[in-house]
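Let me give you the structure first, and then I'll get to my questions.
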């Protein structure tokens, strides 16, 4: 139990750092996970740049996005994004909010995300658009109030990503590694979509192709292969968390995606 | 007193190096700050690439951009940009002049800067354009004469950034960390604006959104979070100044923006 | 004999890592080579990110893409790409499959690859397009079935590269170093072609220029010069395989392209 | 005398490595300098990737591009570019040939280089276009024959850069550091020009502005400031030549541009 929690904290820290390493996150954006022992709680770092998040920075919140243990430390102001999605979607165990440069041409212009290569199907069959202004008028665009988070979660619906006008993206997953995989390859797809549209007439995947490719993108050895690579890249960049990885290697929430443990474990050491 | 000055010199060196690390500055561009003890003086490096500036390179100038202590060392030719803005704007304590690649498509074509995501509001409600040619005819485009600097400062007016035709950008701030934050995120916004315009029809922030987002972009924990990240990135890149950071950690001019000192201090060591 | 095989395994590992270093490969894509002693077999890594491939990861397959020695280790699902091309093209000794970002604007829009500078002629006189959907309807776009691989090989015909709609590229070569050279410079050409088309009217090479430049691009000292550079770049990045390079330095399949051995050998050590 | 030559060899190696570090050169391209003691000779590396060039790789050629001392080592095939320009232009002491990605949209489409910011004036008042096909028909586009080099030199005329259709760029300078400075900032200008043209209507420098800015770009402290930066960047990247820098620090051919020697010398050590 304690090991599962320690493993998950470590994986959340890795996820933050991997997405920063890929340029999906910069000083802003955040990664959370549902608590492995209590589905009414989630885990999220204190206010800190993702590239620097340590397992020890990760705090427990109720689904109303209140700290379980009081603290004076500054918190992310947009944590309701996480809490409200966990409330609305019992199948979601990880949430990522980001402002990836790859998505900005879409969210600034209102162009829909379209899968343009097989890995772009990680975004799912439909990626909805949410505009804070429609319901809340002029704001600072941060999703701070519970009702703002709930509105975003409603727009997400049963999808796996939601675009946020003039702001960014929120992505969900059944596990941390799945959500990281989704973010990395949906960003690539967005980049390719924009570049291809500038070059000519985009020929997107058919609905049937999206369905087939979505299945395989979340069920093959691809996630394990990617995770091993990204851990190694963090290692080479001197960007692993300073604390040691926990004894147990496989947090519950990501067991489904992980087959070949040996390389990833070797890479972590 | 002496410690405040030493701290500020160190922060100016860091600011130069951070902006170089982000690609905002290359061999050219410079960062200055108003003297913490004498508002009629400002601090600016001798002629040196920003990535290499040490606290010991930073010299004191009068607001007429004359050296307080005579020296044979080569100086930046465009220092009147700094002096004339400090004369015209008592509320400004930091000035950055840069030729960021992100802004060049705007300043070469005369396209106005428009906030296209919440962090783009760091530029303020209005970003004016200045064309040296209008008032001074054919020059080498460098802002070298006092009257050229004064003309630029007039065009800046009460804004926080001014675009310079076929040249670059000058940004101001109430403190060093605020100005660095403004430069990094306004460059991101310019990049997104250009990319989005190529992809479709840009939907900019409304005036109300800009007002709200400007406030929060200069008043939240965002500056502290970013500064900690950027100091760590310099540390990992081997790009910190060679001299030790001064004893006192908090220069006066940036106190307002800094809450959680501990992480930033740890990162500096 | 054994040394030739060991050398080739090491070169395949280097090729994987070089192409990852250039951004041609990421977590996906793969490089194979025909077995130096048995043209009815080929060599390909187990399922692993190209940047991490070690000589010891490389397994032997029949041309039907079955493992010669049984193993439980996860394999690349698209290995029929390699086997079917080796069946159809006795002159091919190396196959690379990749999703380079440079090519995605072409494969998403159906724009033909056109040599736009002399080194772009590495792609040969004609680069055909293959669309899995035409023959196989809705799939997940992975080339997994033998008949899918055979269809791709037929479309490749006597060419050296084939574009794959909404997916990526497959390239072939008479030797590993030639194929790596082809991938690096065809990606550059694709990038330049897209950028130039956005800027104005592309003036491609004439058929006669392509013919002359193709010859020189596969026959000069250019390959040796590039290989030495890329080995050094891997060395500096800490990205060489962990195992020592084998004793013999020159695998048979690449002898033709290698003149000045000394620098490359020095760089390897 | 001997020291001047040693210094120049070292500077040529640095110039190669700096331009590779900036992405102006990759596996291809080369930098030469006129011999400091004999204007009828020039210095150029043996066939080697620019990023790897050592002072000891640099050989002496006659202006007919023949080796002064016979050698079996492979040579660059395009060395006549250098010899023929030195013949035609006694004021030129350094020649760079490159295929910078920044220039490819221009040389593939035939769009003229236009200074769009003050540092873009390093290219001079007029940058001519040369098309090998016009005079020589279908070739492999390499400038290998003396008459091809002479034709290119004629088209260069009294300018400082010449664009080569579907191939690249050749730049000249009165000294090594001036030529490096010209290449780095002309590439930036080309990048900005292409990006700006995609975004809107380019407002180039006026002829008077180009004249003023050209003068200052070759006569200020800018070259020294840049050289110090670029030497430091090579040092941090572990990319300095392996041989020690020679005792004398100031080769004759670059004396004019160098004022503050101390920082550059410090950075070299």
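Worth pointing out:
Per-chain numbering from 1; labels A, B, C and D assigned in written order.
In the analysis below, a residue touches a chain if its C-beta (ideal position, glycine included) is under 8 Å from a C-beta of that chain, and two chains touch if they have at least 3 such contacts.
Predicted, not measured: the structure shown is a model, and the values here were computed from it.
Summarising the inter-chain layout, the chain whose CA centre lies farthest from the centre of chain A is D. Once the centre of each chain is set as its mean CA position, chain A and chain C turn out to be 33 Å apart. Centroid to centroid, with C-alpha atoms defining each point, chain A and chain D lie 46 Å apart. Residues of chain D in contact with at least two other chains: 198.
Interchain contacts close the chains into one ring where each touches exactly two others, per the touch definition above.
Applying the touch definition to all chain combinations yields A-B, A-C, B-D, C-D. Taken together, the chain B residues at the contact with chain D in this complex read 26-28, 47-49, 51-52, 73-74, 77, 99, 101, 104-111, 133, 137-142, 165-168, 194, 197-198, 237-239. Interface residues of chain D, counted against chain B in their complex, comprise 116-119, 121, 188, 191-193, 195-196, 198-206, 208-209, 211-213, 215-216, 220-222, 224-226, 228-230, 232-233, 236, 259-260, 263, 267.
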